[in-house]
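Each structure below appears as structure tokens.
Across the two complexes that follow, subunit A remains constant while its partner is subunit B and subsequently subunit C.
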Partner chain A sequence: MIGQFIDGPLWTFSLAVFVIGVVWRIVTILMAGNRPDLSTPRGSASSGAIRTIFSRSVYERTAATRGRLLQIAGYLFHIGLFALLFFAKPHVDFYAERITGFGWATMPHWAFILSAELAFLGLLLLWIHRLLSPVTRLLSDLDDHLGSILVFLVMLTGCLALAQSFEALRLIHLLLAELLLIYFPFSKLMHTFTFVMSRGYTGATMGRKGVNA
Partner chain B sequence: MGSMISISIPPGSLGAKAAAWSLLLLWLMLLPGQGLAESKQVKGLPPPAVLNPAADLWRDIRQRDMATTGTTQVRGVDSGVLINANGDKWRKFRMDQLIPIGGYLLLGMGLFLILFYLIRGKVRIAGGASDRKLPRYTSYERLIHWFIASIFIFLALTGLIILFGRPLLIPIFGKELFSVIASASKEGHNLMGPLFLVALILVFIKFVRRNIYQKGDMSWLLRGGGIIGKKHVPSNFFNMGEKSMFWMLIIVGSVIVASGLVLIFPIFGQGREWMELAHVGHAIGAILMITVIMGHIYIGTIGMEGAIEGMSTGYCDLNWAKEHHDYWASQMEKRGEAISNEAVNRFSDPDTNRSLGRELREAGE
Partner chain C sequence: MIEQFEQGVEVLRQQIDARISSYFSSCVHCGLCAEACLFYTETHDPRYTPIYKLEPMRKLWRREHTFWGKLGAVFGLNEPLTEQDFADWETLVYDSCTLCGRCSMICPVGNDITYMIRRQREGFSVAGYAPEGMKEATKRALKIGSPMGVTFKTLKAALAHVERDTGLAIPIDKKGADYMTLFSSMEVVNFPEYIESIARIFQAAGISWTISSKAFEATNSGIQIGNREAAAELVNRIVVAAEELNVKYVVSPECGHAYTSIRWEGPNLIGRQYPFEVVHILELLEQLKRDGRLQLEGKSATPMTLHDPCQIVRRGGVVQQPRELLDGVAETFVEMKDHGVMNWCCGGGGGVSANDRAEPLRLRVFERKKRQLEETGVDTLVTACANCRIILEEGIEEYEMETEVISLTELVAEHLVDGSKNKE
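Take a look at the complex of A and B:
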């Protein structure tokens, strides 16, 4: 009974909330527009935007040495999670059956496991650092922790269900993934989509002023 | 009303020979039964030795006398072995010794800690908390400590479910629910296991220098680390107990990791016996480590006032440091590393305070 609910109506509802919520958030950001800048441009806004979108992903040498581990952890987590989400066979099969109607190339099993290991390694290091460092602790709010906890639980239950032998474990994983989908548009997890816009906006503003930032 | 069919067999013909052989075979088959009947009749006499031609075959299969490997077209490690005799020994060891003794050891440690707490109580800072603190652990050191701690706790819980689940959890949850829990535990344990190796390497690199035994460690040990009795026992940055726990973590942890890798990656040609050996090493090492870590957690939390502060905030109380790590505390105080509680609250971050302190000292302030 509850299994059918998780597999059916709740899945449809959560997917709808996710899609509508994400589109709505992006549209409202784009519709907000910019204030007209009447000053004489001292550089190219477009090249500034493009530069910043990519340069923010590169390790900043002037940053403190201890930031290096966190940068590596960030890459491990995001790349691992991306690979898991889009190239793990159980996920691709699920998308093909429920959303797209077609599948695509998947990772071999060892790469699937390695991606999960890297994603866990990165997430745990980042989360523990968030809790321990006085700076990140002050900067973090409930949303940050809730997002981390939900992503962690989805990953954990996914790994517990790896044997694919028990329906209950699959349903727990799916339920948590659905809760994450519902929570996603209203949280900082939206940075998955908005990071390009925010970096681009900052880069364009600075580029127009002739500042290499 | 019926018809009778009579068959006449000419003597010396093929049919006659077949009939004669059949009768002989039937008589041979009845021989053991006849012997048994006779033995029942003649009480007191030993039964005649009846050779079973299959006995040798089964003795070889069960490998009673010596290890035998047959030939087969099936490719794979141990595919020529029909019955692994050591597997039975391993199973018996696991069920009759490992699980009960391991269980009693863990239970015993738990009871010991409860009793110890009831008798000794919480070890307080003798002079009370001071108004100054010492930076003890950097953010990175705390990060890797809590990283290995979280991985260890997860692995310990899932490992204990795998080892003790059948006798302990089936009576509570029933077989069906336990099978779900056991499967989840196994998958989680296998997936998180390799992360323990990463954590172990990070911890080793960061903490090895301060865990080399030095002068004063033995006297700390001989005086029971100060936890027994009320006398002051000085020590270095890490005391003998902490250093020994570090080396146990590294050595036993390496055994656990190596045996765990043998178990979850059966792709390097390791046979059943290697797997059994790895399992025994893995389980014994893990039980030993869990037992010791229980003591570590006890001291760090309810057992000693101020002990967890270093790992949670990065600072420790100056009086606590003088009481438990006197040699190190004196050096730090001489170098002017002691910071007021107010300054600690202002900056909170040991790394920031450390660099700020360095800058102030260099500026002559």
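Take a look at the complex of A and C:
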């Protein structure tokens, strides 16, 4: 009964909240508007925006030790999670069945395990850093911790479900993923989408000035 | 006072545009920006983390632009922005931020934190929470025409000296000249050699130029304090003078924030484009050199390094020009470890130099520049901003260093083919 609810209506509801919520957040941001820049540009705003959207993913060598740790942990977590989300066979099968109607190439089992380990390592490093560093302790709020905890639990139950192959574990994993989807648009997790805007705005401004940002 | 606070909150509210909304939405509180800020790296005080300096604005954004904030406001669960927030954050916003923009270059989600702090200052200024030194400087700029109280009479006296020393006539209010040149008060008062250098270079290059008796001051205290009306008024004076003289170009002096204000913020402040172009003096000199109109001879044997002024280089886009010019006059040019758009600030930009109470902190964080300089092993530091120059000289004196600070424009003038100055 509960399993059917998690597999059926709750999945549809959480997906709807996620999609509508994300679109609503993005539209809300755009509707705040920007004043047109009347200064004469030295360079191209669009080239600057595109460049910065990608270049901010490149390792920043000028950051000190703590910054290096943050960047490396960030790479591990994001690359690992991306691989898990879009190239793990159980996920691709799920998307094909529930959303897209078609599947795509998946990664081998060893790559799945490696991706999970990298993602876990990255997330734990970032979380430990958040808890220990005086800077992130001062900055962090409930949302920062809640997002980390939810992602961690989704990943953990996903791995357990894969290892144990129990239906109950699969349902717990799906339930947590649904909770994450519902929470997503109202949280910091929105940076998954808004980073393109923030990088783009800065890149455009700096691009007009002829600065590679 | 309550009314003033409410006006400040309203102005702060108006600053939250799509850019700022996207920035707050993207920030994951990673704290990487702290690593880029000399106020944090030199003190290890987490309150100096750049994004933390924006807590008042974030509080307002969260309450009025997010689901949880709006919900919390309905049920009285989250605190509104209070006057105490302004009081508590005033020193973080003005004393520990030079608007240098280094944090904006390192943020992984691309937040232009400097732009946000610049905008936040608008609210603080209206609410009355700004340093007295900056308030007074802004008043003087509006009333007298210069934040340091320099009048045209003072400039004329300086020009008379230049004319006597060079034998050149300095054109004043010459209609139809190609270039109208601006100065910063610091150049007039502390570094009149800069004016002399300009006169000699322009003479040598055959430049048609003039100085306006109505608008010679390039600095803009309104931008530093965050007073939009004052900033617009100061820009408008220059624009009106340039239009009256029908010049093709306005030349921004070496001063960094003057360039940002007249080149990048100016048209947006007055709400229209200029009928003339704004060029930074380094851009112009490099162009003249490239065109063969600026003939230089000899190279200084003394090894030199370059301090990139934040507003000219990182925030202004004049990156290669100083290097091209130095290449023409210095035999040995040593780049600092983090140079160009990632250079470390001198510590006195963004109005910090006009803020007396910030002086002890400013001198403390100068240690970053000191280390950067010492790593080069060079004792001659070239820069292109009068404010940086003063701050660098004060820091050098404080730390009993042997470094000499020189202006790039003055260095170029010393190497003019027909120059009369002695070369090293």
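By definition in this document, the second predicted complex is superposed on the first by the 205 of 213 C-alpha atoms of A that agree within 3 Å, B and C clash if a C-alpha of one lies under 4 Å from a C-alpha of the other, contacts with A are read in each partner's own complex, and residues count from 1 in each chain.
Methods note: a contact is a pair of C-beta atoms (placed from the backbone, for glycine too) under 8 Å apart; a residue touches a chain by one contact, two chains touch by 3 or more.
These figures come from a predicted structure and were not determined experimentally.
When the two structures are aligned on the shared chain, A:T52 is found in touch with subunit C, with no touch to subunit B. When both complexes are overlaid on chain A, the residue A:V135 reaches subunit B and subunit C alike.
Judged by the touch definition given at the top, the superposed model places A:D93 against neither subunit B nor subunit C. Looking at the shared chain after the overlay, A:G210 reaches subunit C, while subunit B stays out of its contact range.
By the touch criterion defined above, A:L124 lies against subunit B but remains apart from subunit C after alignment on the C-alpha atoms of chain A. Measured by the number of subunit A residues touched, the leading partner among subunit B and subunit C is C.
Applying the stated contact rule after C-alpha superposition, one finds that A:R35 touches subunit C and leaves subunit B untouched.
Under the contact criterion defined above, the residues of subunit A that touch both subunit B in one complex and subunit C in the other are 64, 66, 133-135.
Within the complex formed with subunit C, the subunit A residues making contact are 25, 28-35, 37-40, 42-43, 52-53, 56-57, 60, 62-64, 66-67, 70-71, 74, 126, 130, 133-141, 143-144, 185-186, 188, 190-191, 194-195, 197-203, 205-206, 209-213. Listed in rising order, the residues of subunit B touching subunit A in the complex are 138-140, 142-143, 146-147, 150-151, 179-180, 183-188, 191-192, 194-195, 198, 347-349, 351.
Those residues of subunit C that touch subunit A in the shared complex are 16-23, 25-32, 34-36, 40-41, 44, 46-47, 49, 51-52, 65-68, 104-112, 115, 263-268, 271-274, 277-278, 314-317, 319, 338, 341-342. Only residues 64, 66, 69, 113, 116-117, 120-121, 124-125, 128-129, 131-135, 156, 159-163, 165-166, 168-169 of subunit A touch subunit B when the two sit together in their complex.
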